[in-house]
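Shared chain: chain A. Partners: chain B in the first complex, chain C in the second.
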Partner chain A sequence: MTVTLVLTCLFIAILGVLVSAPLSLVPALHVYNVIGLLVLIYLPLSAFLGPMFMIMFMFGLLVGYAMMNTLTSVYFSTPDDSTIFIVLPAQKYLTQGRGHEAVLLSAIGGLIGVFFLAVLVPLTMGVMGTLRELLAPHLFWILALITVFILMSEWPKDFSRGQSKLERLAKGWSTLIPGIFTFFIAGFFGFIIMRSQVIPAHRGFQTLLPAFVGLFAVPWILTNLVSEMDIPEQHVTDSVDIEGKNAARGGAAGCLGGLLAAFFPAVTGGTGGLLAGHATAQRDERSFILSQGASKMVYYVGAAFLLFIPGLHLTRGTMGIMVNLFYTPQTTSEFFLVAGVIAICGFIAFLLLIVMSKFAIKIVENIPVTKLNIGVLIIIHVIVLVVTSWQGLMIMWIGTSIGLVPVMFHSRRLNCLGVLLFPLMIELGGHGAFLAGLFGLS
Partner chain B sequence: MDRKRKDGQDEETAFDKEAGWQSFKKGSLGGRKRTCPACGRETSQELNKCEHCTSHQEKRWSVKGIIAIGLAMLLVGSVFLSLGAVHEEPVLKIEDLSPDHSFRNIRLEGDVVDINYWDIDYSDYGRLEITIYDGTGLCSVYVQKETLEELVEEGKLPYLGDSVDVHGRFTGSGVESTTHDGEETVRVDGSVTVSEADLFDIKRKEYESFDLNLVSGAGREERLDEHSKARIRGYVGEHRELSSGDYLFYLYRGTEHISVTIPRHSLELTGGWREDIRGEIVTVRGTLNWYEPYWESEGSWELVADGMENIDIIDAHLTYERVSIDELDHAEKEDFNEGSRKQITGSYEWYNSVSAGQLIDIHEGPSSVTVFFPWYAEKTHEDLDELTKGDIVEIKGTLDWYGYGEDRGEWQIIPDGLDSITLIGEKEYNEKDVSMLLDDPEAYEYEYVNLENVVVSSINWYRDDEGEFYTRNFFVKDGIEENGPSLNIYINYWEGRLTELYENDTLTIRGLFKSYTYRGETYWEVVIRDHSRDEIMYQEEVYL
Partner chain C sequence: MKGITHFIVGIAVASFFPLAVEATLLESAWFIVLGGIFGLLPDFLDFRFARYLEEHDYEFCPEEGELNPKKITDLLTRAIDQAYREKRAVKVKLHTLKLGSDSWRQYSVTFDTDKKTITSEIGPVVSTSQVPYPDTEPEGDDRSYTGRYDAALQHTYEDETKVDIFSGPDFAFVPEGDKVRADFIPWHRQWAHSFTLAFLLGPIGLLLYGWNAYGLTASMIIIAAFSSHIIVDQLGVLGSNLFYPITDKRTDGFALFHSSEAMPNMFTNYTAVVVMLWNLNMYGLEPVFKMNPIFYFLLYLFLPLSVVYFVSRYYKEKKGLAKEKDLETLKQEEKMIEIEGEM
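After this line comes the complex of A and B, so read on.
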């Protein structure tokens, strides 16, 4: 690999980061949707443009997005599957005028994630190969355990307010049952859209976009609209309230969670972070936001990075799958190149995030909250319509109705991730055809 | 946050009360204030946490500090990029490959010792399998169609004897014993699949010039190394497609030849057999290979061409030395160098087809030189058919000593390609009469003669198997009243026989005046030949 090629790759990757900055401010627009479209454009042009250039641009986009997608979650309350957990603490920060600080906390986590990916992941190359071989036959029940954990770790609310034991029991289950219902209804929903061709075939790779937007983003917007939440003036701080030990704990938990998510199919960055947070007894709010930043960085970028690790070449995450459509990494040089690009682009994305956060503050300060939320809702609809046509809108609305269940019954929104976990668990267990038959999908 | 203090209060609630009480106690309502770095609102300077947002006021990480630490990522990234630029994959030895390497990407270096090109299901899908030898063992390397097309575009199509550096995914279960070039070695039970053209490097070796005669006659252990790169010049003879899809042609120099194989993969991937090399002198670059067919007790060296692109026609730069036919006819072996290129001019007089090819004689007066068209020159016969005896031709070719005894032999010329014969004119028939010819026959020997108004004096009649009378041999004299000598007229080919001829017929005859010997006596005759402008005319009516 020549120095010129390396520098060209770096330049293209930085270009990707720059492009990702404005894209990260568009609610509901997921980087995977952009990458999917890019690959569609690239495939016919592959004879003229080297695959490494395309891959570098995609990595730039991905690193930039993984760092900056916090913005929409913090300022516009439009999370995706990996930022769903940030919204609640971030809204608290936002109402205190500390939205920028929440963004910075997440960004510090992102930086730790980049460091983890670039420096520590390479050291675990050998272990990962062995781990993959060990775990591959057991993914079904591991996912089942994760599901059980998600369902069982939801703590009953209001159970102490009842007069009798029976009443307390009923009140306790009044939030748990909707939670379990949400998980399975989202699961069946995911199973149906994955098994059937609801979205037009030529847009098939965007199937999950409307589902995620409907489950996670739209309910938040609707809640904000109903609650008429007021966003105070935001303070652009030049320091962050975090201590070393909290940062270390949050970063470690986030990286571990992100790695789990990158490694296991259907486990997203948010879930991975949550699991790791539980595992490391994480309770501090600041650590939590930081860990989510680290987790999504490791999840998004790490999943694609696994494909480049010599001896592992694991295809995980949408980007990994997309890259594998037209390229199979083979050399250690490519691994070094990607690791270097991740490190440099990660830092550049961090700097960009500070700028973009200030820009986002201007938006939320100058546009009334209600108008902002309506505007975001319109943007979401336009994107879903353009990318997935009217069928996508239908899926999004169904997803929204499911996503509103936990909002209305005060159960955990995390259960919406059943949309991914359940169908994949069923398929890995070899029961997909049977269930599809029951639904008349076969 | 559900954390409880020892006094049972919720920590957050307790904190808010405490912060408020402390601020009141210390007179914060009217005391010193500072701006909370987190929320930007005024809060008491005495408090560690903001009374509004509860954020810590001190021990905060500055953004500049974080950026400074983040700069380390640039350093880390630069180190990795540098590694990417300078890193070279370690080259493994084939003998060290084991099942542990399976499904890993490995790098091997070695010489190509075998090539197979596979079509699958007769579709246009194909792949190349090369076997490489690195001194420790043999391993198959597969190159899939798409990569193969890229290799062709980049001029990296491998040929026998090339050194290659490959990087690809290995699948295999280890090595097993085998032999290569008569030596014990190992062969990998598996293969490496290369899926990127960038991961396939080729190092072409220098070609060494070899004399075709040296290669043709050499034994296996003699002077030549198998799979060494060679450049050999010769004349392209007959060719054919082999059942394997390879093309075979023979490369000649004089009567010596070697076989040249063009591998199928190069033909299919780079454009196929080129007709334009047929009958041309070419330089072929390729790899020497010892070919030992099972039906022959001994093998021979063949040249496996590095594709059609490594066959160059050379016809413009050869120089020929002009030599007279008389000089050649009388020259001894030591007078000329065998293989030297000569140019002669003379009249085409005689043709004969022999098992080894075709022979023609080119004359210059009584002297002649045999020109030998080897049998491999497929088009020669047709070309010679277009020649008419008496045509004056110029021939460029290579001198060849055709020996037929201890100290006997003669120089002959083997033309260098089909365009080595150039027609430059026709030999004229000279007006003569019978008495003039027979008065001093030696002076006119081999002269083309035109005998006007000669009279048939006698006829030798013969009868064929079907009982029909004919003649190919009669005598003529100058006039019906003359008592002068008679000259034998001989039609030397069967189709020219005459069935209607009478004594005293007046004829005009064109033919070759020459002598012949019968029972030790020398006689003279005019020969009427086929493939010539010789003819017998009777009062404007043409017999032949």
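After this line comes the complex of A and C, so read on.
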């Protein structure tokens, strides 16, 4: 590998980061949609452009997005599957004029995630290979356990008022039952859209986009519209108030959660971060936002990075699958090249995020909230229509109706992740064909 | 301990059963999942059922516009003195006040055991995220009221108790000798945290798999995982009612650590995962790695945990964070943390 090649790769990757900056401000546009389209364009041109250049551009995009997708969650309330947990604390910060601080906290987490990927993951290559081999046959019950934990750990949000024990019990479960319902209805929804070809075949790799947008992003926008949320003037700060030990704990929990998510299918960065936060007894809100930043960085970038780890070559995440379509990593030098690119791109994305956050503040301060939310809703519809056609819009609206259940009944939105967990658990457990038969699916 | 710790320990316990690991691999059986479920079940029963079955002597149900701090203080002082006078536990529930879809009126209660007073204070309107809305703090002297009680109260939780969102706190004032002890969430760690219930639940395994090796394994996993929750909790300060209904109150824990602290939770989780991985490898169809168990546990368990422990201890000593608290204070803190919804 020559110095020229390395520098060219780095230049292309940085270009990817720069491209990701404006894309990260577009609500509902996921980096995987962009990468999917890029690969479709690239495949016929692969004879003219070396695969490593394409991969570097994709890594630049991915690192940039993993750092900067916090923006849409904090300022526009349009989370994806990995940022759903940031929205609630971020809205609190936003309504206090501290949206930029929430972004910075998440960005620090992202930097910790970058350090973890570039420095610590290479040191644990051997252990990860063994873990993969050991745990691969156990995925079914691991996903089942994650499902059970999500359902059992939901907290009742009632008032404990009632004349009798039975009345109090019924009121308590009035928030838990909708949560369980949401999980399974989202699960069946996911199972149906994965098993059937609702989206036209040539757009099949975008199947989950409308479901995620419907489940996670649209309900937030609708809630904001109904509650007429007011966004005050935002304070732009250069520093954040977080103790070193809380930052370290949040970062460690986030990296662990991101790694879990990258390693196990159907576990997203948000879920992984949440589980790891529980496991490390995380209580501080700032530490939580930071951990979610670290988690999504390790989840998105780590999942693709696993493919490059010598002796592991684990295909996880859409980017890993896409790369695998046209290239199989072979050498250790490629692995170290990718590690270096992640580190440099991560740092550039961090600096870029600060600039983009100030730009996003200008948008939310200058456009009335209602108009902003309506605008975001229109953008979401346009993107889903363009990427997945009218069938995608139908899926999005069904997803929205499911995503509104936890909003209406005060249960956890996390239950919407049944859309991924349930179908995969069923398939890995060998029950897919049986359930498909019940639904009349192939 | 936190819910996920009990959950992971339950899974680790299930992995000790060779038949469970083998059947899980060959038949996608649910044995190990049972370990997680029953490891978490005691807290699930408490916070999803037991809390609703508790009867109170007094309930404070506030209404907006009529939220009078004197009423709150009077109710609490009356309950304390009544407990002392009638030599019986008096239970009180303070309800929250919801004003709109995302707004709640906050109020607080502070006990001063030296002056024998209780101060109730009406606070601002807060969102469900407990963020105060600007300019909603009531004004005037009548927003707070301090009243006296006569009995000697043992109440070691110094901070004010805020009542704002969802379900409010409950107290039991329990006479003990010449004092009255204030007990938060008295229904917690009672019948649902007893070995008695662990054994009563055991036969579920037989119901699931029948009277055979699978059924017996499932039953043993259920009993062991449920018991692991009680044992792990017992290492903290609060303890559990171990043999309900034979015993009628909680047996104090061993006070080895504070169950909500990060370190004990992390250490327990990590230990459980390392042990579980060893078991999965040993009882799996084909071992993935071959290693001397002493070397394995030294390298992957004791070495990393020792490093983390000594670094953390050094940090605490350097910052002077190692503050001694008395046992009763730790118990109350443990309960307050658990009711905050972090099972």
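As a convention for this text, the second predicted complex is superposed on the first by the 441 of 442 C-alpha atoms of A that agree within 3 Å, B and C clash if a C-alpha of one lies under 4 Å from a C-alpha of the other, contacts with A are read in each partner's own complex, and residues count from 1 in each chain.
To be clear about the criterion, a residue touches a chain if its C-beta (ideal position, glycine included) is under 8 Å from a C-beta of that chain, and two chains touch if they have at least 3 such contacts.
Quick caveat: nothing in here was measured; it's all calculated off a predicted structure.
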Applying the touch criterion given at the start, work out whether A:249 contacts chain B, chain C, both or neither, answering first, second, both or neither. second
Can A:96 be said to touch chain B (first), chain C (second), both, or neither? both
Is A:134 touching the first partner chain B, the second partner chain C, both, or neither of them? second
Is A:333 touching anything from chain B or chain C once the two structures are fitted on A? First, second, both or neither. first
What is the contact status of A:344 with respect to chain B (first) and chain C (second): first, second, both, or neither? first
Touched partner set for A:111, first chain B, second chain C, both or neither: first
Is A:176 in contact with chain B, with chain C, with both, or with neither (first, second, both, neither)? second
Regarding the shared-chain residue A:375, is it in contact with chain B (first), chain C (second), both, or neither? neither
Have a look at where A:237 lands relative to chain B and chain C in the superposition and call it first, second, both or neither. first
Give me the intersection of chain A's contacts with chain B and its contacts with chain C, in residue numbers. 96, 283
Per the contact definition, I'd like the list of chain B residues that touch chain A in the complex. 1, 3, 36-41, 52-53, 55-56, 59-64, 66-67, 69-71, 73-74, 76-85, 87, 89, 104-105, 167-169, 195-196, 199
The answer for chain A against chain C in the complex is residues 88-89, 91-92, 95-96, 130-131, 133-135, 137-138, 140-141, 144-145, 148-149, 152-153, 155-162, 165, 168-169, 172-173, 176, 227, 245, 249, 275, 278-283, 428-430
Interfacial residue positions of chain A with respect to chain B in the complex: 1-3, 5-6, 10, 96-98, 101, 104, 108, 111, 114-115, 118-119, 233, 235, 237-243, 247, 283, 285, 310-311, 328, 330-337, 339-347, 350-351, 354
In their shared complex, chain A is touched by residues of chain C numbered 2-5, 7-8, 11, 24-25, 28, 30, 32-33, 36-37, 40, 44, 47-49, 51-53, 55, 61, 93, 95-96, 98, 101-102, 127, 129, 131, 166-168, 260-262, 265-266, 269, 277, 280-281, 284-285, 288-289, 315, 341-343
